[in-house]
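Below: one structure in structure tokens.
We call the chains A, B, C, D, E and F, going by the order they appear; numbering starts again at 1 in every chain.
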Amino acid sequence: MLRPKRLTHLSRCGSPRMVDVGEKPVSRRTAAAEAYVAVGPAVAALIRKTGAVAKGNVLETARLAGIMAAKQTPAIVPLCHPIPLDRVDVEARLEGDRVHIVATASAEARTGVEMEAMTAAAAAALTVYDMVKSAGKGAEIGPVRLLEKTGGRSGRWKREEHHRGPR
Amino acid sequence: MLRPKRLTHLSRCGSPRMVDVGEKPVSRRTAAAEAYVAVGPAVAALIRKTGAVAKGNVLETARLAGIMAAKQTPAIVPLCHPIPLDRVDVEARLEGDRVHIVATASAEARTGVEMEAMTAAAAAALTVYDMVKSAGKGAEIGPVRLLEKTGGRSGRWKREEHHRGPR
Amino acid sequence: MLRPKRLTHLSRCGSPRMVDVGEKPVSRRTAAAEAYVAVGPAVAALIRKTGAVAKGNVLETARLAGIMAAKQTPAIVPLCHPIPLDRVDVEARLEGDRVHIVATASAEARTGVEMEAMTAAAAAALTVYDMVKSAGKGAEIGPVRLLEKTGGRSGRWKREEHHRGPR
Amino acid sequence: MLRPKRLTHLSRCGSPRMVDVGEKPVSRRTAAAEAYVAVGPAVAALIRKTGAVAKGNVLETARLAGIMAAKQTPAIVPLCHPIPLDRVDVEARLEGDRVHIVATASAEARTGVEMEAMTAAAAAALTVYDMVKSAGKGAEIGPVRLLEKTGGRSGRWKREEHHRGPR
Amino acid sequence: MLRPKRLTHLSRCGSPRMVDVGEKPVSRRTAAAEAYVAVGPAVAALIRKTGAVAKGNVLETARLAGIMAAKQTPAIVPLCHPIPLDRVDVEARLEGDRVHIVATASAEARTGVEMEAMTAAAAAALTVYDMVKSAGKGAEIGPVRLLEKTGGRSGRWKREEHHRGPR
Amino acid sequence: MLRPKRLTHLSRCGSPRMVDVGEKPVSRRTAAAEAYVAVGPAVAALIRKTGAVAKGNVLETARLAGIMAAKQTPAIVPLCHPIPLDRVDVEARLEGDRVHIVATASAEARTGVEMEAMTAAAAAALTVYDMVKSAGKGAEIGPVRLLEKTGGRSGRWKREEHHRGPR
């Protein structure tokens, strides 16, 4: 990682701002982000059981929450631009005692869709937490992190493999 | 933790539902949640420098984003009840190479404000990520977790101390 | 039905207004509304098949859409009051070639929750239409109508039985 | 109508998803939808009288509600894409004992604006119901249905004439 | 006006915060605010003419926009509490070459409804500007100001008469 | 200013409508608007003092509120089109006893961004009012007015200099 000189979301005099993307060319943008929710073995067993009996509704509800939140990104993250998203997809599955969420977004836009993917992943994780908290308030969300993005001047960025395992 | 029998957000036949809180008494509810954003040393140095020069705007923007997101909780987390919040507060500071966010919420309501605190913390963390991502896409959010809650039938819950350190 | 003298949502000089409910006592309010979506036999077969294979996701998505829309009622219906809902529930099932949606809402409030139930039912129906429209744009929503409400000065209202059958 | 093979809003494994429209070309899209509200003779007389005396405010309020709701479509219908609408128009008039609403929308986009027109029509109808319900809770909304759409790969679709009369 | 010691919306260390109203008693709150839009004689004549011919729709649209915006106050003004409004009313009329808007709000709450009235007045004024700007971009909004508020510890506050005339 | 014949936001028969911009070419659009908040000398001194001690948080909060409100413009101003904004910037500073806000917006769109700039300025002003009202309810917002706009068929418009001074 090169040493950054300045945070682009702060003006020269340090005030937060929405970056001007008017000069950037429109290009196809994609981004993928992931989130984990460590729910503990008892809740994991419940989700597994419910998944069999009752159609995996914790995970399905989380997925829809993620999709809807992606569209609200500019209202949740103050300096984000409104983006006409072409696609949002959220996958959620149980891996051991953790729910693993992967959110992807794409658009043809002047700025990237990383925040849409990150917001979708975080909202899906919050929704899992909400649904299991009566059974286990100690559940923890994290890491929530970008996996990959393409498009724009900086092109493709991909999280290095050894960063993708469990914490 | 006792073995939960059922997830309260799923009906007997497994469908997600908004829990009926109509029979619960109104009581004072508080909740605190925290979130970390691991930004790496280079970005941490930038935030520190900007904090001195330009009034800590990454952290201030994150705080406001958290406060505003708490009020949007029912629109972000599908099964949350709308709650007339009496207070939301979000603190954010740099601790080493991580931004540490603590969000608190309170209300007099039939249901708890855990999700408002969790959503505020997560949105503040997303906002930090948004503002530093041009300098470091590898930053990671987490853990996002409940620290404490009071009120309601289940009364006080507090995260055990040894769970509160760095991951 | 008695002859109404005036529409309460219009002021004496005919302008639309939000009715002042400040003088009304707080009471427990409930309402139930239903909506139908006539999808035709081919789509009904697909929903049925998908329901078996893939967990009834058209109906589950519709249910969640209804729950979330109920919370947005004051932003959708201009003269509605914001209400701290205690519960929203939406059921959706296939009956012959129609999807039948029943939405219920309750709150302790100065004004009724009829519009929350109606909005939930309508939004669930729109969501069904959205998901089946690629297979059948001719699908029709309706009737959307109140089934019952309780609470408030006017007390209980219930749709008469012979009005509840298929159109 | 050809037999559909699959609902495009469900993935191969049956999960609801936002359809990826990234590969579709941008084209001019229009859609028109209608909704009826059967209000009964007493309320119809009131609307008529108010229309003369007080400028048709039930109908005007419904029209504005429809226009505003069209812009909220992606927040109401979970799998809808955000679309930069070029136009929304909502007409509302009394026809006998029913209010007839026609909503039209257009955009230059990768996906159609059917849901924007349908949502506008439904929200306008809900608003009529809200304003007349104190005088007649038995009022019914429906049918809400697409009249026509143009643009996109599937081109023009028009509801057949004999389907357009009263129920 | 007494000399204020501190702004209550800033914490002791100067950070913006949502004031904790949890300790305040619930009381009936009302507020009234006004806004002017100076539209110039040509546009005023058009509004007047349209009012006669076409039912005063600039003013009616502004009124509804104000009512709807009042309900969005916590999403527009970052440190405002969500309040279960009992009533919002917005009047708008032409006075000479200016549109005069008066917005009133009331609720039974722990905090005042001044911002709801102010936001309603401002949004109604923005809507008037939007509708006349093609005819006169030079139109000006202002003053937007509180007229009166009641309830809460500070009780009644009323703008002094000589402040209520034209600027 | 030429004599306008008709308000474009009213249809031929006088009903409010969203203007159809589908036929307009996409062009780069910019707009700047300003707002003043007259806070009085005591509050001005407090803001100044807080600005030194505590990082100008009234002004920073107002700036962020303006940026976020610009993105909500289509939900606040009923007949506005949704616009994919490329940039929003809000400046706020104390000038004597008044806070002076300047908001700018830009987009590549079929319609102008005047309302986004005006809404940002007004929301920032409302936020200043909210934060100082405990110290001075008599504060007044205004004028809120367009300074300049570029792009579109009507091209550049600029407020004449002698209109830009203090009231």
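Keep in mind that, in the parts below, a contact is a pair of C-beta atoms (placed from the backbone, for glycine too) under 8 Å apart; a residue touches a chain by one contact, two chains touch by 3 or more.
From a predicted model like this one, the values you see are computed outputs, not experimental measurements.
Common neighbours of chain A and chain B, listed by label, are C, F. The pair with more inter-chain C-beta contacts, choosing from B-F and A-F, is A-F.
With centres computed as the average of Cα coordinates, no chain lies farther from chain A than E. Residue-number overlap of contact pairs with A-B passes half for only one option from C-D, D-F or D-E: C-D.
Averaged Cα coordinates give chain A a centre that lies 32 Å from the centre of chain D.
Residue numbers of chain D whose C-beta contacts span two or more other chains: 15-16, 55, 57, 60-61, 64, 68, 72, 75, 78-79, 82-84. Pairwise chain contacts present here: A-B, A-C, A-D, A-F, B-C, B-E, B-F, C-D, C-E, D-E, D-F, E-F [touch as defined]. Every residue of chain E that touches chain B in the complex is listed here, in rising order: 15-22, 74-75, 78-79, 81-84, 109-110. On the side of chain C, the complex with chain D involves touching residues 1, 3-4, 6-10, 13-16, 36, 40, 42-43, 46-47, 50, 53-55, 57-58, 60-61, 64-65, 68-69, 72, 75-80, 114-115, 118-119, 122-123, 125-127, 129-146, 149, 157, 159, 163, 167.
Chain contact summary for the complex, chain C toward chain A: residues 55-57, 60-61, 64, 68.
Residue ranges on chain E touching chain C, taken from their complex, read 28, 60, 63-64, 67-68, 71-72, 82-89, 106-108.
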